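Here you go, one structure.
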């Protein structure tokens, strides 16, 4: 009734408690038709709980949920027009793949030929035609995952919910399936809400990412915005691998401009884009390892000298660890330009690429 | 007794069968004193089995195992001077962290003050002092992992065996613990044998990597060698994320030099470093996505035109998918230089960076 | 019609509630109802038929001055302690032995389990024979030349309750063993390996690591054993009928005897009320802790 | 008409006896549906009572002759047989008369006694005494005197099975034999607690003390195992009811030659008139009610009585029957009965509740030497004081 | 010689290698561990088998031989008559057709009782584990306490209840009684079993549109065969051997086999035929024993799944 038009899923003031434990707190979220939303956050932040609320598998304590403009807060899961893929696949072990796919349809009493048609289509999209007569135990992890997706697919629903569908797989398989899901979304144009705690998945798949922590959505934005302009220190630290470097220090007003100072390190912030009116005080300075350069000329707005401590080759790139203002600091360089341990190097970066956070509240300045 | 001096662990002609299934086949491996060896391979290739053999938890079918020059093939696990960390942690759930750490020592009758000293040291190294009185259920995944490592640590052993210690953790925690283990190795200088199927871990931690497949070590070499000069197609494909691009085609002798041909694509191999004498025939051409450049001038030994199909942003970088010789091909570019979907681009690389494999046997040419 | 308002909680999970009606009726009508009925009539002087002729606490007074009841309580405590401890210990020991990848596991398991299938009406007699000093085990051993050997647990007032447990264990441990064996098989393989690497001897691994991990199994087992202990009746009847004298009487037999032999329902009900009361005091708080909390 | 009859007579001889009843009943054109439940009254009684109170009564049911069904009668669940009794002149034919008294409540007759089982027997193994080198005793006192000799020969003087009813019964027999019929009635009929605490009963307790010392090494539970000890000469004697005779017969032993039976322990030759009776629940079905009457008549029919009691090994309840086929010991019993030396049995005098308490006391007394005679007598007197 | 030749390549590099241990660690059959292990097992097995031995031996003896009183001696003269008698001619009152008389009654009682009690308990367990509703815990705790109530105490209340609902004396009444008394332990077993199954399967089925019964019948049931085997074993043993309820709540024409067994064994007066008693007991126990044999492996597995988690 109050859901905005064009929104597919709208969550209003949702709260959920398990007994005395409050897991979700007056949460609001609007998902547009056909949008791909990723819920990202550390373990235990309430992602699965939120998804289960949307699916109707948990009774909400407070608030309302709309799907396609209809209030479904107290609707049964099957009446919500959703399909869900579970973290552990949750395939019915005693049924063949085909039976797994058709179960929901058979329960709903869909005609036989219609069932066959839909299974054929899903099997084709997911390339699992040769597996239809096998039981889940005889499938590899990736194949199981596809069947689980297929089970949601055949039900022809408006909203797909994915709960960490790839987290059990090894890196290679994960990468493959990520592409498949992306292509699937392109083909179907359904609304998708996808839970993960893997930021690569989040970055590659999402139209918008909701970063959650402790049952609260910290930031809801396009992946690049979240990556480049995190609203608080938690979001900044949670995204990116290797993680953003943080240096504790103070914001000072010097020489008519603002600058960051920690120990002997002084970083002028001339190019930094402040979120509001800055005031001097303790802050945290953050910059991503890939936005820092090593031994790369002097053309940087800021550069300083440091000693290499540890070198971590990662195949394609190498992570170089050193100390700035007595604090650990990492730099990502290409494998060819790797310095040696204990080598003296020059560190340079553009403060424009940095993020400044209030030391107390953690919010972006 | 025949183990070469300076080797810490030496495995000679080791075979292991489970009934009729042969899991390890006449495997040989020498690990030097203080070396960090990573066993890498897909699920089910026998990594855990090999580790269990070294630990004495499985009876070998054939062959010998030496630790510190002593033949321990028939020795009990506790007499081998090893410590082991299990994939599932295997902490004793009803004991506090301190009890978990000290249980083995108490059973062995170590004096009380000695136990206290060792626990204090391990707790300090692993930074788990505040957790000593908690039970495993009250610990996060990463903390549990550290306790598991601590349990091996207090035993003051020569050789550490790690069985996928990080595979249950989320990406952020994984990265943190990777660094800790690396530092630990630096501090202790013990021999470490570390099983994983995650190539980032393998690349960052190992002195040498042993890539296994089907119970056989495919290649045993320094990480960079394995990454840059994989001995066969399996090793090439298994390492690296995103994975290496492979193009099926033929090796031809043309214009006095060798060249690779697939469809209309012809790649001259003037700069390629052949492993032996090449002969014409079907081969697979492989090159890593990060060794390919997009729209980056014409100074490349080889370049060709292509159309972008999918763009996958991954935060720091972006993966661009296109087709070469009708086959999928990915290119890694920095986030700033991302082309659009369907944009026409130029693909360029140096064949020196490529790998050529025999199409039939998969070995490097 | 869309259910936009919070529906009446009575109708949430209606099917589950409907399906639970047998359980609710059983718990509510039979167990609670039957118990209340029993308690009510324990304040009467009902004889053969239940009659509401109240006599206050007379039945309880008589109960607690009856030597047989006091002995019954004492016996139940001893028997309970013994069969609890030994069922668990022997059951666990057998399970641990069978878990050593031994040959003929199936055969051994069946041997340990078969007594569970046999009615005690007659096996009690067999045990009576076996333990009979004149022609049972004592007789055989003495016949072998060990003249001073004495083993007559069923015929010696001071140890008869222990003697009864011998047959109780014989009949009951098989089931416990199966439960334990199942529990052992559920322990993570890695725990064993970790203990071996740590150099912890097998028995210590069982004692300090495995047993604490099997808590849920022990709880299920405990409920089964404990309910069996409280209800112990035919075991005693079949072996000693409470004798020698009244040395092996147990509360359930007291209840039964006074309800049906003595035709003094009130007395039987008073005794069973006392039994139930103690069960409730022990079980209810524990059960709430164990089962009441969320998964 | 089909009439279901429940009872606990299941062993060979008992079943054969029941068959006689059934045959006689079937001959009247009705049909006896047998509902046997073994295991003594304790097992069978709750079943019978449940059936009657549960609203699904049988056509007729056995109870011990006594007060077991009192309340069922009071609750109006049982059928009044006064009419049948008057017609059959039961008051005249039933002997001893006291049997019918137990069936009479408020002047109405509710049951049909069918037999007399007496407890007052001491069974002695001639072989055992031969082995011990002493003559077979003629009464209890001689028996007690012979005990040391028996013990010396490795023979248990007196076999008393472990079950409570055996020791309790043995005491009652001693009470009637050593104390005399009057003492027996004073204690159990008049419930004279003072008398029960007095010197006369103390004498009985002294005898019981002898008995328990003599029985100390019995080590069997069942009464027939104890009887078997007498049969095989492992025990000198046993105080047990007339049903023990069956065991001797089955073992091929002859009264007088292999074993000796002493009614009233040779001291006071009386017969207690315990036994079995049939009760008839009130039925709605008129046909069945009619059949009940027929069955009641049949049970007391002289021919049925003879046939039944010969098989059962008990004594008939009417004096006007011919029992030539009876054996030695049975004849002794009949003779006593004919003399009218009868006393009512505890089933008739005491409530089951009191009986059970008595059983508990004597079970303890016989098994626990530490329980002194005085202490036991005091508890006995208390018990009698509260008896009903 | 030829052995040495075939293994030569591996050890040729160094002659010292021959000295060191290689290959699988040798396992001696008579190691101390094995002696202890099998020794204990055989001693325990002897303890468990001794009564069976006595029963079998006794059941094969004639009565005169039994009167000799040597319970361990093997029969001098093997006779199967006690078995025949126990089965087909032992008398119960007037009916002299042995255990065979009650056999079919027992089957008729056991089959529906086992089925109904398991059906009810499994649904209860499922509802408790997956559809927790308010108050369910309380009923469950009452049920657990109910497991401790001596059956005899409940005889009268149940008589009253059955009388009031008009099922007294009928087979259905007895089936209900068995279901009631089987419920506590079975519900505990099933509840724990279903609680140990992945919650997400249940959720997936709900999203797929299956309701309470749909999920139970189509998802849960097919996956819980082992626990059903356990329940069947417990119930078959309990109900088959039940005497009290069978005799209190039915009529003579539907008495179960155990009434016959009781009648054969528990005659107070007259001769006790121990050989027939033993044969009868073993015969009566055969049905549960057969169930054990058939389901031996599943038994252990089933309990594992049910009991391991809280």
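By written order: A, B, C, D and E. Residues from 1 in each chain.
Here, a contact is a pair of C-beta atoms (placed from the backbone, for glycine too) under 8 Å apart; a residue touches a chain by one contact, two chains touch by 3 or more.
A quick note: this is a predicted structure, and the numbers were derived from the prediction, not measured.
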Q) How would the remaining chains group if chain B were removed from the picture, with no chain shifted? A) one piece
Q. If we look at chain B and chain D, which chains touch each of them?
A. C, E
Q. Which chain pair shares more contacting C-beta pairs: D-E, or C-E?
A. C-E
Q. Relative to chain A, which chain has the most distant C-alpha mean position?
A. D
Q. When the centre of a chain is set as the mean of its C-alpha atoms, what distance in Å lies between chain B and chain C?
A. 56
Q.
Taking the mean of the C-alpha atoms as each chain's centre, how many Å separate chain A from chain B?
A. 26
Q | Centre-of-Cα separation between chain D and chain A, whole angstrom | A | 90
Q: State, to the nearest whole Å, the distance from the C-alpha centre of chain C to the C-alpha centre of chain D.
A: 37
Q | Sequence positions of chain D contacting 2 or more other chains | A | 46, 53
Q. Of all residues in chain A, which are in touch with two or more distinct other chains?
A. none
Q. Counting only residues that touch at least 2 other chains, which ones in chain C make the list?
A. 12, 134, 256, 259-260
Q | chain A - residues contacting chain E, complex | A | 52, 55-57, 76-78, 82-84, 86-88, 90-94, 103-104, 107-108, 151, 155
Q) Can you list the residues on chain A that touch chain B in the complex? A) 42-43, 170-172, 175, 178-179, 182-183, 197-200, 203-204, 223-224, 227, 238-243, 288, 290, 310, 312-317, 319, 321, 332, 335
Q.
Could you list, by residue number, the parts of chain E that touch chain D in their complex?
A. 67, 69, 91-96, 152, 155-156, 159, 162-163, 168-169, 247-249, 251-253, 259, 262-272
Q) For chain C, which residues count as touching chain E in their complex? A) 9, 12-13, 15-17, 19-20, 22-24, 26-35, 37-38, 50, 93-94, 97-98, 100, 102, 106, 108-119, 121-123, 125-127, 129-130, 134-136, 140, 170, 174, 178-179, 181-183, 185-186, 214-217, 219-221, 223-224, 226-227, 230-231, 233, 252, 255-256, 259-260, 265, 268-269, 272, 275-276, 279-280, 283-284, 287-288, 290-292, 295
(Q) Quick check: in the complex, which residue numbers of chain D touch chain C? (A) 41-42, 45-46, 49, 53, 68-72, 75, 162-164, 219-221, 234, 351-353, 355-357, 360, 363-368
